[in-house]
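Each structure below appears as structure tokens.
Below are two complexes that have chain A in common, paired first with chain B and then with chain C.
This part shows the complex of A and B:
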């Protein structure tokens, strides 16, 4: 954001001065300062994206590098596997449920905290604190709590409940629609992972919503009140529309977190029986670094990148457009 | 202007990535396949102090201590060589293997590196021409008779031997709780029918007959490997693992059927447990048996402070008496290494009786040498050593025994099979896994 302003100013000044911009240190300096970060980004982000894409089109599927051209064969192989098809189902189900839950819980908590209560700072900290914990720690703790033999099921049992939930060990689907090799539906096991993930990230949604709520001018609410709107009407017609850009921000950030999710799965459930809790990132890691099928692993990574880009690029374009108009 | 700026940025990016790529692909021209590696007098008389990089994934407490003791023995004999311990932690060696692959590819191999005996990564490196044969070193040190010939076979390709084994672990061990077996007047099963009759009794008394783990998605594959070995016997098992027999054979189907039947007698939360948690169930008396490699014995004795024989018992897994599933770490000589002397001297220490009997007791493993001193080891290791020295030796699916791509295919098939028990689907998956990932 800060960086983008410098060249704009520069462009204006050169237009004022004449057609052919002359070399001056004044103009060169901002570009020079950008070079190190551009170089690092170029190599470590874009260079390696390009490299992964290239590897995914080769036959490098053992320890010994083999850069002969394979076309889209690795993609075809990967898409044919039961495991990757399960991964795609899981990541879509997980991402949708994760974001919806985080938004609802986050907004709810933000509204509660925004009620000018006492010790607001304390509550804010409590809700946002799980975010400070590593996903691996969350995963280990929740895997203990939701283990059907040990964790919360013991409490449920003490209440005299039967038919206790199997949590992340369940291999059931709701609904259960057989499509090709795999079953479509919500894997019950993912609900357990979802609980852990939402526990960790809804505090973040709360924090952003809280900032959004504080940014709504008091006059708007007052105007609504003067017009005779009750608290519900004010919320639906005034506050919620004002939070639209906040919601977009949360959705984009949580989508990125969700698509990349690895540590939580790795620590909490592993791929799970019948891959009910497997994710593309997990599959990519095992394919690449345990099976040493580098080209197939790269293909999974590229599919993941495309999914990520499908969410983030429209967002980036819209922010750039907004910035340009302003 | 903005377009120009973008173009400039793009050019810079492309130029940089090009530099990066050529960096990756470049290999030093001095790629001489160091003719006779036993040539101990270095041709390049290096002026500075010599250096030896030892690459491994031994970062745990016991294994790093053991490695350090080995380095100490080496430095006593060769005080002028500076040893650099390049252990890479994480992912049960997979991180280390990835780092090693990039170094080998760049023509910058470490002095020597840890690799599992068998047809996994060791075979890949040999086939790529990255390893130098050690035949003359073996001759010179008299190792051809110091190690069991069956073990050396696992390190040999086309008559050339490529690595020196330093430790030995067994993969086909049935761990059991002696108190439970005594209480119900049972004996540890030696056959599958015995296993199932024991299991029925135990289950009737509310004890989980077989503790199982699969959080890492490899534990069930280890169990299946042992069931397969017990079902088809070592000869056909070896043919299967070396790609000489078809995987959709009646023997494999029978093993899969037995495995599916065993799954009726395991703890329901197996996919949530790590291997040590399954052994903990046995130690606590909640379960009677567990199949795991003998790294479990370190967990029983060191972590749970149990006495071998009374706190926990062991036997070969059903129908594998007289066969020893080998998991052994070995070290070799990279062919692209410029100065081979420090490595060859290190391998001499590594293969020596003194070196191995220093290293192994600290690591909790035992020496694969036939003349190793049993008094340095605990009760379990002494017993394992005895069977190792007379048993037939086989590899296992996993632990670097076979093509890692095949291991992964088996593990993926197992993640489905362990719950749906669909034998024909599983056997088909094994067969296509073996086709996609050649085993020889």
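This part shows the complex of A and C:
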């Protein structure tokens, strides 16, 4: 037995050596490679968020920085404003409508394109191309398309419609329920923004759904067919359940895009009359850089960040856990 | 049965062509409006083809946007190269050299993908000012390089995961070091990864508006800000606005048309694990 002759102390140190492997440059390089990026993100993401959070707790609400402590006063003030309450209504209404529209249209397009059609590449490219242009460009184009005097309304008129929508100039709500100082409901003006946003982003949902559809094993569909399930039955009980994680992914990415929406609003409508198309991102920008109310702007930004993190952090953690060890 | 199938196929194609037409409608409107003269712009004839082609509005848009075009190229090309290089190095370290805490590091990086940039904007502008980079293209390059790291790291990490670990392991046994493996094995296999990351970043940086409008003033503004200024002006006619929109989107559209396969892979990279 060789082991029995090894002194106890040596055995102990070899255990230690097993725990802490000898230093080699090849072990250090991966970490050293990441250090510059981690340092940059540490400052530009985490440091700046922390800094913004700090600003939101101060009295810096004029051009001259004032870092005296204000507690949560800025948050209270912001939540009391008509503008921010409108923002919250708008962002919720918009995000829900945007995601539902993109999911339905995206899935529908993906199924159409997945029918072993000719020129599939061309059709796919057409549905995705709006993703390649700027939200700002989309906003400029659709503010012409949806100009109440012309564009889409000319077509509606040709179909005999008389009460033409005022699109992004409208101040109407459907339904219109007064709650406190704001009206709850869907602002018609937001529908105009929605059309432009869905035009731009539905191709994304299509592309991800198409990848999802192609990932469903052929045997599953075959098995359903053998069991005598028709196309509808197969879709509802076989295909749709298989697309659950795909749908989650799309919802998360589109929620993030929706909460961030800025350029489209800026180029198309701005805050709108009575803030019918205002968003927290827009409110933050104007409050901070036009009204110089830095602390209140920072408070809006932090609220927006918390909304975003509530959606994306659980998703990120579960995705990394699943994929991490693979 | 066969007849029914043929009818179904015809309906399918009719539907697809109709929907494709719907998606292309804004392009039609932009094209015809850009080719009209000031005099030919009329609200009631928006959908009509121009009676004669005029490039006057495109020329007028170019006169206003031209310098900003240069700014956008000076911004997008370096920012794309820098963030892609960093993404490649990070992706290599994260996918091929598993170390303790790699997942935590990955999360730390990816979180930056989802932040609303408003939440970093106030400190960002002050730091850029302190560095003398406020209102410069160099400042915007820095901003887009740093905030581009999360997505490029994700793209390259997923890309490198598809390279078999066996060849890396055998190279390690042969005594090839960290940088040797990167230089002689990973980098030559990375070309399509760089194409995907490059196209994605170029498109994102070119199209970005928030950083552009926050960091720069005239005449240093990228083309997206200049476009909004033109569109926001009451005196600019619709034909010039549409011509400006067309010009501003031309570079990314051309890249998309030439390399749409890679663009879609970048699109999926943010959502589907490799």
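A few notes on this one:
Following the convention adopted for this analysis, the second predicted complex is superposed on the first by the 297 of 326 C-alpha atoms of A that agree within 3 Å, B and C clash if a C-alpha of one lies under 4 Å from a C-alpha of the other, contacts with A are read in each partner's own complex, and residues count from 1 in each chain.
In this section, contacts are C-beta pairs under 8 Å (C-beta built on N, C-alpha and C of every residue); 3 or more make two chains touch, one makes a residue touch a chain.
A quick note: this is a predicted structure, and the numbers were derived from the prediction, not measured.
Applying the stated contact rule after C-alpha superposition, one finds that A:136 touches chain C and leaves chain B untouched.
In the superposition on chain A, A:63 makes contact with chain B only, not with chain C.
When the two structures are aligned on the shared chain, A:229 is found in touch with neither chain B nor chain C.
When the two complexes are overlaid on their common chain A, residue A:51 makes contact with chain B and with chain C alike. Once the two complexes are overlaid on the shared chain, A:149 sits against chain B and chain C alike.
Using the contact criterion defined above for the overlaid structures, shared-chain residue A:37 touches chain C, although it does not reach chain B. Comparing chain B with chain C, the partner in contact with more residues of chain A is C.
Look at A:308: by the touch rule set out above, it reaches chain C but stays clear of chain B.
Contacts of A:272 after superposition: chain B is touched, whereas chain C is not reached. Contacts of A:111 after superposition: neither chain B nor chain C is touched. Residues 31, 38, 47, 51, 143, 147, 149, 288-289 of chain A contact both chain B in one complex and chain C in the other. Of all residues in chain B, those touching chain A in their complex are 1-2, 5, 8-9, 12-13, 16-17, 20-21, 91, 94-95, 97-98, 101, 105, 121, 124-125, 127-128, 214-217, 267-269, 271-272, 403-405, 407-409, 412, 415-416, 418-420, 437.
Of all residues in chain A, those touching chain B in their complex are 7, 10-11, 14-15, 21, 31, 35, 38-39, 42-43, 46-47, 50-51, 61-65, 81-83, 143, 147-149, 168-169, 171, 269-275, 286-293.
Against chain C, in their complex, chain A makes its touches with residues 25-27, 29-31, 33-34, 36-38, 40-41, 44-45, 47-49, 51-52, 55, 109, 112-113, 115, 117, 121, 123-137, 139-145, 147, 149-151, 154-155, 199, 203-204, 207-208, 211, 249-250, 253, 256, 259-260, 262-263, 266-267, 280-281, 284-285, 288-289, 294, 297-298, 300-302, 304-305, 308-309, 312-313, 316-317, 319-324, 326. Residues of chain C touching chain A in their complex: 12-13, 15-16, 19-20, 23-26, 29-30, 33, 43-44, 46-47, 86, 89-90, 92-94, 97, 99, 102-103, 105-124, 127, 143, 146-147, 149-150, 153, 161, 172, 177-179, 203, 206-210, 213-214, 224, 227-228, 231, 238, 241-242, 244-245, 248-249, 252-253, 255-257, 260, 263-264, 267-268, 270-273.
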